[in-house]
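Labels run A, B, C and D following the written order; every chain starts at residue 1.
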Amino acid sequence: MYRQQILDHYRNPRNYGELSDATFSHTGENPSCGDEITVDVVLNENEAIERIAFSGDGCAISQAAASMLTSELTGMTLNELQELDRDDVLDLLGVEVTPMRIKCAVLAEKVAQDGAKIYHGELDELEQTTIEG
Amino acid sequence: MATHEQTSPLDVAVLREEFPVLGRHVGGDVTAPGEGADDDQPLVYLDNAATSQTPRAVVEAMTDYYYSYNANVHRGIHHLSQEASVAYEEAHDRVAEFIGADGREEIVFTKNTTEAENLIAYAWGLEELGPGDKVVMTQMEHHASLVTWQQIAKRTGADVEYIRVTEDGHLDMDHAREAIDENTQMVSFVHISNALGTVNPVEELVDQAHEVGAYAFVDGAQSVPNRSVDVGAMDADFFSFSGHKLCGPTGIGVLYGKAEILEEIQPYLYGGDMIRSVTYEDSTWEELPWKFEAGTPPIAEAVGLTAALDFLDDVGMERIQAHEEALTAYAYDRLTEFDDVTVYGPPGDNRGGLVGFNLEGVHAHDLSSICNDHAVAIRAGDHCTQPLHDTLGAAASARASFYLYNTRDEVDALVEAVDNARQLFA
Amino acid sequence: MATHEQTSPLDVAVLREEFPVLGRHVGGDVTAPGEGADDDQPLVYLDNAATSQTPRAVVEAMTDYYYSYNANVHRGIHHLSQEASVAYEEAHDRVAEFIGADGREEIVFTKNTTEAENLIAYAWGLEELGPGDKVVMTQMEHHASLVTWQQIAKRTGADVEYIRVTEDGHLDMDHAREAIDENTQMVSFVHISNALGTVNPVEELVDQAHEVGAYAFVDGAQSVPNRSVDVGAMDADFFSFSGHKLCGPTGIGVLYGKAEILEEIQPYLYGGDMIRSVTYEDSTWEELPWKFEAGTPPIAEAVGLTAALDFLDDVGMERIQAHEEALTAYAYDRLTEFDDVTVYGPPGDNRGGLVGFNLEGVHAHDLSSICNDHAVAIRAGDHCTQPLHDTLGAAASARASFYLYNTRDEVDALVEAVDNARQLFA
Amino acid sequence: MYRQQILDHYRNPRNYGELSDATFSHTGENPSCGDEITVDVVLNENEAIERIAFSGDGCAISQAAASMLTSELTGMTLNELQELDRDDVLDLLGVEVTPMRIKCAVLAEKVAQDGAKIYHGELDELEQTTIEG
C-alpha cells in the first residue's frame, strides 16, 4: 500500500490547515485507528467547492487520502460530492487497500459528505462522523 | 402405520455417508471415548433434540480454519486476521440470510440458546422490569427461558405467568389471551416444544404480545434445525437457537434481535471488541452486533456454523421437514400401538421431529438404559422441562428425536427395544 | 544481541511440523480464506498474544469427538452421551491439575477470559458491591477486567481505583499499598500485561488483597500459555484464561474459583444443566462447577483444550518459558538498537513473551501494514488497553508476541520489516 | 444391566416398608433420576443392625440395590456399614452398572451411611442425602 505517491501526500499533505471563512466545517474519526479529520469548505454561489482544507492526524492512509481527495474536490458541486463512493477514493489512492484499512481510506470522504449533508439540513443530530468496522 | 409415506424425500443412505459417527458401534466401555474392541452393536442415534451429529463439511471447514487462517478477528491488520475477520463477519450475514433477518447487525453470536435468553434477561430485563410488570411464558418452556425469566423476575419484583398446556399438548390460547395483559412486558415461548413436540402458533402469540406493547422472544432451538424459519415474517423481537442442534459445532448459539431494539439496549458482557472508547472513568460501545460480543468470539465455531447452514440448504429445509414429519408420524403410530405406552403431546402428524413417551411401570431411565442395551440412543429425564413433567404426572419421560439421517429401520429398532423392555418388566 | 542464548531448549523445527498453518504463504487476496495462488510469501506469525496457533493433536481430538462420540452431556444414559460426559467432566480435572486447583468443582468453563471476569462481576459484584466499596485494578488492565469492573462499579455505586504504572512499566507497589485499603472488596489484575509484557508480583498483590479482606482476581490470559502456574501457591481467589491463547480452540475459557467462595456465590447464567430442581415458582442449583455452566457447554472445545494442555505438558512448560524469554530478550535487544523505536514496558529479560513498540513518526497501523507487506503478522492498536495507551501518550502501539514455534529468524524478519518502514517513512 | 435378579428385586423388594420403632431413619434422593429412598434402622445394644427397612420409589436400579443392600446389612455393625464403598454395592448387584447409573445404585448405601453418621452426631445439619453427578 505504501507507494511513493501515498507517502509523499502523507509527508507533504496538500490543503492542510483551516479556513477561517468556511461555509461549513465538519469533523470525523475512525476509532479503530484513532484517525481524526476535520474538513473546512468554502462554497461559491453555485454550491460548488471554492476552497477546501483538512486538518487532523492519524495513519498515513487516512492522511494521504484526505490530501488527495481534497485536491480533487475543488470545483465540485455538493451534489457531485455526494455521488462519490468508496471506489472513487480507492481509485484515487491508486493502491490496493486491504479490507481492514478501508475505513482509514474513506474517512475524509465521509466527513466531507456528512458535512455537506448537515449543511443541507439532511443530517440533523449528527455531531461527529464515525467510521465503523 | 401404513398411512404414512414409506419413501423419504431425502436420499438418506447418501446423506449418512457424510456423518462418520453414524457408522459407529457401541456397547462396550464408555470411559474410553471412541469405538473400542468391545463395541459391537451398530449405533442407532435418536437423541437429535439434545444435539445433532456433525457432517464432514462442518468439521472440515473448522479444520481448514485452524490449519490455514486461524487468527484473532476485528482489529488485526495482518493477512490471517483479515481472512479470519472476513469469515467471521460473513458468518453473521449467512445466519441473517438463513433466518430472514435484515442483516448482520441483528445477529449476535452467543455460546448457546441459553446464553441468548440470558443476554436479553440481563441486558433488558434486569434494567427494565419491576414490580407490577409481568413476564408471560408457557408451561412447556425449556429451563433456558423458564429459569432465566423466573429468576430475573424474582430479582426485579416482576410477576411471571405460564400459559397453560391443554390435555392434548397444545397451548390454551384462551388462557394466553388472558395472561398476556396490559402489565406484560415480555412474552417468551418455545417455537417447538422439546418435550411435547408441539408446534406453537408463533404469529398469533407475537401479535398478542405486540398488542399489549410487550416484546416477544421466540426460542427456536427446536425449530430452526428442521424447518424454514423467517423471523421477519413472524415479527419476533428476539429469536434464539444453537449451532449444535443443526449440524453445527458446540460452543456457538445465535441471538437475533430487531436492530432498533438492540440499539437501545445496554450491553451485557463487558470487555474487548465491544467498546468504542475507554478511559479509566467510563466507556462507550461499538456498533451492532459487536456491542454484544465481548472478548474473543467463537471464530472457528462461526466458520463451522456457516458450513452447517450451507449443508442444510443444500439438502433443503422443506425436504428435511417432510422427512422428519414422516418419520415422527411413523414412530408415533408404532409406539401408540402399545397399550402400556403413553405418548405425550399432540397427534403424530403436526409436531416437531420428536416423540416423548413413557412405558407403564418402567422408569424412563430404565427404559433408556434398555434401549441403550440395544444400541438405541434416546434421552430420558425431564428434558429441562421439570415443571411440565410435574403437570404430566411423570418424573421423567423417554424421548426419541429424529433428524435428516434417521430411517424407518431405526424407528423399528426403537420399537423393538421398547417392546423388549415391556417383556423384561412384564 | 550476543548476550542472549542462541540455542533454544525446544526443537522448534520439529514442533513447527505440528502446526500446519505455519507453512502458509500470504500476501494475496484476503477475502477468500486460505492459501490462494497469489499468496506467495511464507508467513511469519508473531501475533500469539492475540491468539496462538493450533497443533494437529488439538484439531484431531476435536475431529475425533465429532466423528466418533459427539453427544450432549450430563444427563444422557446412552453410550455416546456417557463417553462425551466422561470426556467433558475429565476436562475439568485436567485443567485443575494444569493450574494447581484442588479439583473439578473449582473449574468453570466459560467462553473466554472475558466471560470469566464478567461471571464474577455479575454473580458476586453486582450483588455485593455498593457505595463506599472499592474495586482496585491496575492501569495496565485489559478491557476484559477494566471495562467490566468499571461498569459494575458504576451500576452499584462502588469506586474504582487503578494502581499506577511506573515509567519502566512496573506497578507502583507503594501506590498499591495505598490503593488497597479497608474499603476494597476486590483487587483484579493481570498476571502478565498483554501490552507491556510486565510480569506482576502476584503473591504480593494477593496478600495485600487478603490483608484487607478483599478477593483477588488474577487475569492469567497471558501467563498460563507460557509458564507453569499454580493458583494454589499464589492463593488467588479467582483466576481466568482462554483456550485459544494456549494452543487450544476458540469458544472456551476457564474461570478458576476457590470452592468455598464459588459455593457461596449465586449462579449467573440460568438454564438447563445448572439446576437441581425447578418448579414454576422457584429453582435450586446444581453442585459446583455445574451451577455456573448453563446450557449445552463447549464440549468439543473442552476435548480440544484437554489435548492442548497435554501438548503443552509434553513440550514442557519450563522449556516453553525459557524459549519465549530468550526470543523476547533477543527481539527487545534488536528493536532497541533503533534510535527511533520506543519499546514499552520493562527491560528485555523479565517479561512475558511479547514486545510492544512504536516507530517515531509512523502510525502503528501503518507499521503493522508494512510488516504485513513483509508477511510478518503483528498486531497494532491499543491491545484492549486504551487508557494505558493514553498514559503512554500513544494512540496505538505495534506488538510482536512469540510462542513455542517462533524462531530467531522470524525475529530477524520482523526487524527487517521495521527497518524497511523506517526507510520508507524517512 | 437388567438381569433377572435385579428385576426380581425390583418387582419384589425385600425389606420394603417402614419401622415404627426405628432407632434412626433417614431419607435421600438422586435428583437426576428422581429416585427417593428412606431407610429405617433398629439397632441392638451392640450397635449392630437388628432390623432394617426401606421405602421410596425410583428406577429399577435404585430400588433393586436398596432391596439387595438391606438384605446384606442385617447383623452388621454401624462401623462395618461405614466401611462399605461403592464397589461393594456394585458387587452385590452383580451386573456392570454404566457410569451414569452408578448414582442410582449407591443411593441406598449413602442414605444408610449418612443416617448412621447423623445418629452418631458426625453429620449435623444435613437434612437429606443427595447424590450428585
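Rule of thumb we're sticking to: a contact is a pair of C-beta atoms (placed from the backbone, for glycine too) under 8 Å apart; a residue touches a chain by one contact, two chains touch by 3 or more.
Remember, predicted model here, so these are calculated numbers, not experimental data.
Note: centroid distance chain A to chain B, computed from Cα atoms, is 47 Å. Distance between chain centres (mean CA atoms), chain A to chain C: 38 Å. Mean C-alpha position of chain B lies 31 Å from that of chain C. The multi-chain contact residues of chain D, meaning those touching 2 or more other chains, are 32, 98-99, 101.
Residue numbers of chain C whose C-beta contacts span two or more other chains: 30-31, 75-77, 81-82, 86, 277, 365, 369, 372, 381. Arrangement of the chains shown, judged by which pairs touch: an irregular graph that fits none of the line, ring, star or complete shapes.
Chains touching one another form the pairs A-B, A-C, B-C, B-D, C-D. Only residues 20-21, 24, 26-27, 30-35, 39, 43, 45, 47, 50-51, 53-54, 58-59, 62-72, 75-84, 86-87, 111-115, 117-118, 121-122, 139, 142-148, 150-152, 154, 160, 162, 242, 244, 249-253, 269-275, 277-283, 294-301, 365, 368-369, 371-372, 375-381, 384, 386-387, 390 of chain C touch chain B when the two sit together in their complex.
Residues of chain B touching chain A in their complex: 74-77, 81-82, 85-86, 276-277, 286-287, 290.
Per the touch definition, chain A reaches chain C in the complex via residues 1-2, 7, 10-11, 32-34, 58-61, 98-99, 101, 104. Within the complex, the chain D residues that touch chain C are 31-32, 98-101, 130, 132-133. On the chain C side of its complex with chain A, the touching residues are 30-31, 362-363, 365-366, 369-370, 372-373, 381, 395-396, 424-425.
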